[in-house]
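So, here come the structures, one by one.
What follows is subunit A paired twice: with subunit B in the first complex and subunit C in the second.
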Partner chain A sequence: MNVDIQSLGTFNQLAHEGAQQATQSMAQMTGIDASVDVTKITLVDREDVGEALVGQDFVGVQFDFEGVLEGDTVLAFDTDSADTMVDALIPGGSDDEAMARSGVEEVGNIMMSGFIDGWADYLEAAIEHSPPTYIEKSGREVLPETRHPDDHEQVFVFKSEIEWVGESVNFYIYMLPEYEAFAEVMTEHADTEGDAIPIDKLHTFNEMTTSGTQKAADNVEMMTGIPTEAEVSQISFAPITDVPKQIGTDTYVGTVVEFTGVPSGYLLVLFDEVSAINVAEAMMPIEMDGDELTDQHESAIEELGNIMTSGFVDGWANVLQTSVDHSPPRLVHDMGRSIMDPLAAQVGQHQEHAFIIDSRMKTDDIEFEAEIHALPNEQELRRALEDLDVERADETDADVEQIFE
Partner chain B sequence: MKVYDGTQSTDDDQGTEPERIKVGIAEYKTTTDDAVLTTSGLGSCIGVGIYDDVSGAAGLVHVMLPTAEDIDDGNRAKFADTGVEALVEALEDAGASRASMRAKMAGGSDMLDFSESGSSIGARNAKQVRATLEEFDIPLVGEDVGGDHGRSLKLDAGTGDLVVKSANTESTTL
Partner chain C sequence: MPDVLIADDSEFMRNLLREILEEDHTIVGEVENGVEAVEVYKEETPDLVMMDIVMPIRDGIEATDEIKSANPDANVIMCTSVGQEEKMKEAVKAGADGYITKPFQKPSVIEAIEDVVPS
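Entry: the complex of A and B
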């Protein structure tokens, strides 16, 4: 099954417009000014969906849909924004539990009907949805339960993040179509002669990323003695102007390289400041005074970034059976978005959309988390995927260990 | 809380902070109130603020690439040439006059420029903004461009002050 870049772009746009329409319905009902910040389509392991939600409590509505597309969708407000919204709808409403609940249900229902109708219109086919179910849960539990609990499956997820103007709260729309039906719809809309990407190979690509990340994590462990695990690997697709938003506005420390070969692109290894200090000190022979990030910390990060990059890139090159070279690392210490911005601009000179590969590693021993992001050239990624033959992809699936030794 | 039509404030806002209007990447916004327009995460991107003291209109655009000639996807605010043009037109629609417009810009950093030949995207962005402003005869009265760090901006529509903030330095006002 192939899916072309144009249709990925179209589906992403569709989800974005649906989220915008839903947000406007809410704005009209409540007078709250909100706007859709990011919409992206991601291929990710089902278990890893909803990482952004961890650690918060949510209320919202959930429903399933069927027809040309099947699946589940959820609209989740964190509890503070739900209160604000209900109070805007019915002054003082958030104090009355029943009223708060029906307010969320009402707004949720209207928002989500708009969202689904947009899809049905575009596909020129019927999509029916169930009545909304009110939910009140924390973290990832707010997402619908997987329909295939025993499978270790990768799924497409549409996620829109909606920002409330002037408030620090956000809410989310997740849409999780059933893989088969969605893949079929995408295939039907694909121009297989043109710039199509075989979607099954995107799975392999995710596995490659996981393995590359594990290799990078092993290198961290080797240098610091801290056991480090690869966590989430995903590949997302978004308009180039949304790429910098994939990283937060916090300050990060890390390294960036340009890699060349097929595909070429940019690779970022980023640590939040606390993680950077912790991991750098684990590499240093002496105790540091104070808790500031110093030049010594930065040079330790540079060294670590370099060795993590090598591990990651070697992992890719092994599976793709090509050589992937990279430039010496450049140390960065800046706001996350500003770091991604020039890279997106460079890629954006030739393409309107971009694939973004994200992975994460973590350790339980100290407060430490690292993110790896890759921004490959789209056409070259497509070529690399074309060259990745399916048999070899199967091998990778069966025995990743062997390939990444 | 804001009233959705954006033209008036509710009681809560009286005497408190001015309205904040966020401008995303490849977007422009204008205001005729004394609002504060903000944009963040400028690397090689450039934020261009244009204001007109006479009419009280002000606007901010966050452009990503120099010119729409290379890849035109219909979003004018993505490019320095068409972005400035779109902002000027929107300000004129809001009652501003080109003759009394003043511009300030910040961003266009050379950070993470891997190109081995030619000038960086940041430098090309800045050059294009200057050229387009010149075409429109709008004086550029303040700028903070280049360097190797990111920036975030706040344009005070009431005064025309453009506050530039970086992750590792004190903020400056243009």
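Entry: the complex of A and C
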């Protein structure tokens, strides 16, 4: 089965417009000004779906839908946002539990009907959806149980983040289509003569990315002595203008490298400031004074970024039997979006949408989290996937002793 | 003690290599790019060059090629984060005598040096 870039862009646009329509419905009912921040399609391991929700409590509604597409969709507000919304509908309504619940259900019903209807109209087919089911859960439990857990290890997920203007609260719309039906729809809309990508190769590439993340995590562990685990690896597809928004507004320290070959693009290794200091000091033989980043910290971060980058991209090169060069690392210390903005602008000269490869790793021993984001050139990634021999997918390591015999 | 030239654009990595090597080796120079590596090699003719690959101005494979062209008996160990088979083959073609991938630990560095410059 194939999917082409144009179709991915169209499906992403559908999800985005659906989320916009849902948001406008809410704004009309409540007077709360909100906008859709990011919409992206992600191919991710089933067990990692909803990882961004961990640590928060949510209320919302869940629907299942069937027809030309089957699956589930969820609208999830964090609990404070839900109270604000219900109070905007009915002043004081959040104090009455039954009223609050009814308000969330009704707003959710209206919002999500608009979301689903857009898909049905585009596909020129009916998509039926169930009445809303009210949910009140924590973290990723807010998402529905998968219907066929053994069918596919990786699933497509549409996720929209909606931001309330002037407030630091977000809510989420997730759409989790059943794999087979969605893949068929994508295949039907694919231009197989043009830029189509076999879906199984996207899966394989995702597995290679997981392997690269684990290698990068192993490298961190070897350099710092801190047991480090690869957490999430996923490949997403979004308009190029949305790419910087996905990194957020927190301040990061890390490295940027440009890689050239097939594919070419940019790769970022980012640490939050506390993690950067912790990991740099774990790499250095002496205890550092103070809690500010020094030149020594930055030099250590630069080298760690370099080594993590290699760990991440070497597997691609070895599986593809090619070489992927990368520039020396450039240290960055700025707001996430500001780091990504010029890179997205550079890539955006040649493409309207982008694949974004995201990975995360963490350790329980000290406060430490690292993110890796790759922004490959779309055309070259497609060429790389065309050349990808799925039978070689696990041959990510090179045998240096054999080569230097 | 063997003379060693360290070529790596990372100050952190140069410090780490110096700490590993200085007990049993004489560090004759530390440089940050391939151009400087060739220049200092020609001035000092050390027994061994520990050569990074990804460096600004000129990369370590080009620098190795130039050093080996000038002196086929030069000893060069690539000391790099790059673990790609094609790059390793390029390093062999340029004349590299050994290849260590970062991150490394002291025993693997000493072992690689022993293979190339036996004490």
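Everything that follows uses one rule, which is that the second predicted complex is superposed on the first by the 385 of 405 C-alpha atoms of A that agree within 3 Å, B and C clash if a C-alpha of one lies under 4 Å from a C-alpha of the other, contacts with A are read in each partner's own complex, and residues count from 1 in each chain.
Heads up, the rule we're going with is that a residue touches a chain if its C-beta (ideal position, glycine included) is under 8 Å from a C-beta of that chain, and two chains touch if they have at least 3 such contacts.
Everything numeric in this text was worked out from a predicted model, so none of it was measured.
> Answer with first, second, both or neither: which of subunit B and subunit C does A:223 touch in the superposed model?
Once the two structures are laid over each other on A, A:223 reaches subunit C alone.
> Touch test for A:27: subunit B only (first), subunit C only (second), both, or neither?
The first partner, subunit B, only.
> Between subunit C and subunit B, which one touches more residues of subunit A when both complexes sit on the common chain A?
Comparing touch counts on subunit A for subunit B and subunit C gives B.
> Counting only touches as set out at the top, which of subunit B and subunit C does A:283 meet: first, second, both, neither?
In the superposed model, A:283 contacts subunit C only, not subunit B.
> Would you check which partner chain A:324 touches, where first means subunit B only, second means subunit C only, and both and neither mean what they say?
In the superposed model, A:324 contacts subunit C only, not subunit B.
> A:343 contacts which: subunit B (first), subunit C (second), both, neither?
In the superposition, A:343 touches subunit B alone.
> A:306 contacts which: subunit B (first), subunit C (second), both, neither?
second
> Would you mind listing the overlap between the subunit B footprint and the subunit C footprint on subunit A?
Residues common to the subunit A contacts of subunit C and of subunit B are 327, listed in rising order.
> Spell out the part of subunit A that touches subunit B in their complex, as residue ranges.
Contact set of subunit A toward subunit B: 27-28, 31-33, 35, 37, 84, 88, 163, 165-166, 240-242, 244-245, 249, 251, 256, 258, 266, 327, 330, 332-346, 348-352.
> Any idea which subunit A residues touch subunit C in the complex?
219, 222-223, 283, 285, 296, 299-300, 302-303, 306-307, 309-311, 314, 317-318, 321-328, 397-400, 403-404
> Quick one: in the complex, what on subunit B touches subunit A?
1-4, 6, 19-22, 24-26, 40-45, 64-65, 70-71, 73, 75, 78, 109, 111-115, 120-122, 149-152, 166-168
> Okay, in this complex, where on subunit C does subunit A touch?
Going by the criterion above, the answer is residues 9-13, 19, 54-56, 80-90, 92, 96, 98-99, 101-103, 105.
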